[in-house]
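Following are the structures in question.
The same chain A turns up in both complexes below, where it pairs with chain B and then with chain C.
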Partner chain A sequence: MRSSRSRRLISGFGTWSDQRAERTLGALASTVLILILGMIVFVFAKAWPSFSHNGLAWFGPGGNVDVQLGQIFKSPSDSQHWVYTMHAWPLLYATALTTVAAVVLGVVFAVLASIFIVEFAPPFMRTVLDPVVRLLAAVPSVVYGLIGILVLVPFVGNHVISPHEQSSVAYVVQLTGASLIVAVVILTVMITPIMIAIITDALRAVPTGWSEGALALGVNRWRVMWTIVVRAARPAIVAAIVLATARALGEAIMLSMVSGSVAFAPNPLDGFLFFLEPLRPLAATIVDNAEGLSVPPFAQTIYAFAAVLLVSSVALSLGGWAAKRPMRRFGVRL
Partner chain B sequence: MSALRAGVRGRRPPVAGRPSQGASSWSRTDRIGVAACWAAGILLCLICAAIVIYMLFRGLQYLTPKLLFSHPEPNLDQSKSGGFLDPLIGTFLLTTIGIVIALPIGVGIAVWIVEYGRPAWLARAVESGIEVVAGTPSIVLAIFGLLLFTQPVFGFLSFTAAGNAVFGRSFFTAGAMMSLIALPLVVGATREALLSIPSHLREASYALGKTKAATIRRVLVPGARTGIATGATLGMGRIAGDTAIVTILLGASLQLSPTGGVPILKTLRGTGSTLTSYVYNNSPAGEGQAPQKAYAAAFVLIVIVVILNFAVDLIGGRRQKAGRAK
Partner chain C sequence: MLPAAALPATAAAKPTITLSGSTTVAPLAALLIKKYLRVCNHCAKFKLLQGGSNIGVSDVAHGRVSIGDSSRDPQSTDPGGLVFHPIARDAICLITNNANPIANLSQTDVQTIFDGGARSWTQVNGAAITGTIDLYTRNAASGTHDAFAKLIMGSHGVASFAAQYSSNGLVEQSVARDPHGIGYVSLHFANDVHPVAYEGVACTLRNAKSGQYPAVRNLYMVTRGNAVGAVYKFIHWIRTSGAANTIVASDWVPLH
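Moving on, here comes the complex of A and B:
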């Protein structure tokens, strides 16, 4: 027994010399880095024709995106006559609208709920909420999409939208219930647990001496949480916002299920109807049009959508990485 | 006195349960803050309970053993369209492939960052690169994977049509991209575990004459075992729950459709589906139009995720116990 073990040790010395181990592992890490750079280069190279044919108008409004996509899909096989016209504003607007709305709603809710869990919740609620929040963060997005499309969408379609409202805009867009409000509500429910998990960890990591000192000076519990603990955990809140934004930005399946899948830009001037109008963010557009990837100009347009998503998510990741660094002062590593 | 004042002004603390004895002397904004916290907490409980109870109810209502053990058939008649045995196998296959790829790479990268990390700029670049992978939407990874694996070089991984057009969709290609989803979780958990190993353990090992490589293999990686297991389990949960990569990179075939002749390889080179894509396709958004089956499959999916979460707790609990014993 013992001899076999020492033999294994010796063979370990032989095959894994120190330098070789360092070089192998370093090469492995560099490979992943190269893969990421390769991804960015590949996607951009593929997307370039779509950007270069449209110029800055690619990002602007004009025309119906679904019609434009249809024309690109039907473009002739001769590469000289490929159609590239694309004005993706409704998709960009829909992405920004759902993401910002969900993150703003979510962060307010998540901060309050985290304070509740850390400070005010009775012990039995705390023991239940901790695992449940983690479970909700792990539920696959397609399940949220399923609940949305089978429960919320019919509810909004049958009880919130009146036939009168439906007929008043029938010549522009169909109101079925798949709408901005359903998309934002489900997206908020999806990203909030992620934020709560990060923020509660950070609130708990703030040194207890700080809050105890404030309590000893006669500051009440709410003020202690709000002015000292939450303030000390600000970098974590920023990190949570960044992570949640990245998640919301890239959510494809759930949004393609509940957002109505119409490239329509909801108009805030429509009043209450604004919330009931359908839309389709970038990521959902990619999922909905994945069958067309065999048509080259169409694929290039789809990769252009992906490139926009990729740039935003890379910027967010690097921003989040920078935001998380101050937390290490407290020994919290997220 | 203060209670009297509150009573005279008709001002009751607007809190669901009074947080402490002195609440009545708090200023109005403080009480609103506490009330908002309670409201948020109770709303959170209600949403959690609603989702859990609703999915439990629907799942138990529609899930039958027959669904679990029969193959799906492309049939419009719901009584004949079968169950989701193939998607279930697909989920397990894909999760296994993904984690088998992600685990050694992730552990290797974490070890390199923590134990070597030279040159420093490269270590920082790798660390931020992992962050970038973590933040990249899976739909972008999916269509990047399609771009990558339809190159003729990777033809051996999937179905090659007449005229040398590589299909690019198979369990191999989807699993390879899935491993990128799990990678940041494995790296993160392993790095935390390595950092939490006290440096005197390393020094003791060096003092006994072991090289750094031997220390890593015999002391540090075994010491980080629970952290690695936690990361792997979290990664498996993420892989099992992803839909975008499956719909794009696994092909759209309902059943496992093997490619080639070698027994196990042919399945891995072939296309298939997973529970997530099954749920998607059977919801009103897909073609299936069988919400009952979608509910049942979603329930099974949630059960898998819960089991994985429970496993994380179990692993973490063991680590805590070990920590206390020390």
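Moving on, here comes the complex of A and C:
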């Protein structure tokens, strides 16, 4: 009796029946689902007053977001008179603009760099590049933010923008160097290593028989990579885009440091100045204003920003899944 | 972010006093606690957290800490029943880039600059540079912004295109790196930049102490209801004892 018990203790997990393992692991996995569901419900419950007071106008343009945030923060203590007016368009637009621009730039760069690393790089370069890419993917965003605010922002402000350009728009917006272009460049540098890491793995996972067959028919290496290997790795490229977009959407600290921290919507009709105009995405607005959470209507507005981000990332996952489905038939799964 | 605050222990022998809130008050509170423990080691145990003025006010209102630190005045949205105990004062400096060492700005100058009325340094008396004025401010929830708006801006609003940062340090760094910049920070942060005299008085600790420098705000410790027991003893010690006064006077402005 005693010996069998101690044996059971020693062997531990090893003696679990399949049924028991299935139930335990299933319970763990469901906990994650419950946590996510609970989080979504919590954020929406907190955010609801901000949405319901503004209706669809919440998502539209109108007025200045920073002025509106200030008025919400200074709401009277009487909950009947809390201020909720919020037209968050500049923040939504800034989030979409930085994310899309960085992901588009990043994916081009990542695919080409991955092809080089997998197919063309000499072996010694490959052994250096692989770990370096993974290291870059793990650098904390605040480090990128520091480099941005200490190096790139002053450079753009003092050498790229002319005093004439600054004074021409002085009464509308200030061009200090903290701008769309700096935000997009640093964001691209942040998300590209993740994409390279995923895409190189996928390119390597394509069965060598497929490319060897093409090579035997006299196709050159570049054409094999482009028409066969990259094509077969498309589902993984979509997965990389989804992950990178999620990181770009949620990036807060770095963007709050380099994007100019003002709720301005850069106008593409301004030509070159468009790239030098400041903006502030949703996530950056949340960290910048986290201090004001003690004021209830202000907190509800901040939760509304969080709710929009949450919905975007859920939509992003679903979109990635839908985009990958038709590619799966001839693709490499990852 | 704010770590979970421990509940105040109710042990009669050695009560624990927990503090959270303003990052401006935190270094002062740390020095005061150190001295207080030397004076009266058996009086209390301390836990000091940061997070910002509004965090401190909200924490103490919910009973999560015994004392909330605040660098802003009480406001209408604060929960009822809070008592703000002033413990020291702190000056707010206007800062420009070292390339633009302006000698003096009057209140009207500052108001015209920050409300967006003047957009070029050529419109400002004593400016050493030309070109556009770049405004660096704090966001609505900041205690420093609250004080700046009340003490200096009065009825004038801050221009909507001004960059809004979430800390003194970011404003200081931005002005230090932008020759066209102007901003405002707590006195301790006016380091790599040029502190501008305001209304003819230089922004220094000495001038703030003598009462000549006008833009000075209160720093508070906030309690829910009147302070009692060990908390009362601590705050009373800060406000009355000579030792505490010496600490406050080292880098801040004493109340008396």
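Please note the rule applied: the second predicted complex is superposed on the first by the 289 of 334 C-alpha atoms of A that agree within 3 Å, B and C clash if a C-alpha of one lies under 4 Å from a C-alpha of the other, contacts with A are read in each partner's own complex, and residues count from 1 in each chain.
The rule we apply is simple: contacts are C-beta pairs under 8 Å (C-beta built on N, C-alpha and C of every residue); 3 or more make two chains touch, one makes a residue touch a chain.
Since the structure is predicted, the reported quantities are computational estimates derived from the model, not experimental observations.
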Q. Chain A superposed: clash or fit between chain B and chain C?
A. clash
Q) Which partner does A:Lys74 contact after superposing on A: first (chain B), second (chain C), both, neither? A) second
Q: Check the residue A:Gly320 against both partner chains and state whether it touches chain B (first), chain C (second), both, or neither.
A: first
Q.
In the overlaid three-chain picture, which partner chain does A:Leu129 touch, first (chain B) or second (chain C), both, or neither?
A. first
Q. What is the contact status of A:Leu25 with respect to chain B (first) and chain C (second): first, second, both, or neither?
A. first
Q.
Looking at A:Val173, would you say it contacts chain B, chain C, both, or neither? Reply first, second, both or neither.
A. second
Q) Touching A:Phe120, do we find chain B (first), chain C (second), both, or neither? A) first
Q. Touch check for A:Phe272: first (chain B), second (chain C), both, or neither?
A. neither
**Q.** chain B versus chain C, judged by how many residues of chain A each one touches
**A.** B
Q: Would you indicate which of the stretches 44-52, 80-88 or 242-250 belonging to chain C has clashing C-alpha atoms with chain B?
A: 44-52
Q. Both chain B and chain C touch chain A; at which residues?
A. 149-150, 256-257, 261, 287, 290, 293
Q: Could you please specify the touching residues of chain A with respect to chain B in the complex?
A: 9, 12-13, 16-18, 20-22, 24-26, 28-30, 32-33, 36, 39, 42-43, 46, 109, 112-113, 115-117, 119-122, 125, 128-129, 131-136, 138-143, 145-147, 149-151, 189, 192, 196, 220-223, 226, 243, 246, 249-253, 256-257, 261, 283, 286-287, 290, 293, 302-303, 306, 309-310, 313-314, 316-318, 320-321, 333
Q.
Residue numbers of chain A touching chain C in their complex, please.
A. 64, 66-67, 69-70, 73-77, 149-150, 153-154, 157-158, 163, 166-167, 170-178, 256-257, 260-262, 264, 278, 287-296, 298
Q) Which part of chain B faces chain A closely enough to touch in the complex? A) 17, 19-20, 22, 26, 30-31, 33-34, 36-41, 43-45, 47-48, 51-52, 54-55, 105, 108-109, 111-113, 116, 118, 122-123, 125-141, 143-144, 146-148, 183, 192, 195, 211-214, 216-218, 237-238, 240-244, 247-248, 276, 279-280, 283-285, 291, 294-295, 298, 301-302, 305-306, 308-309, 313
Q.
Please output the residues of chain C touching chain A within their complex, sorted ascending.
A. 51-55, 57-58, 61, 75-80, 116, 119-120, 130-135, 139-142, 157, 160-166, 170, 173-174, 177-181
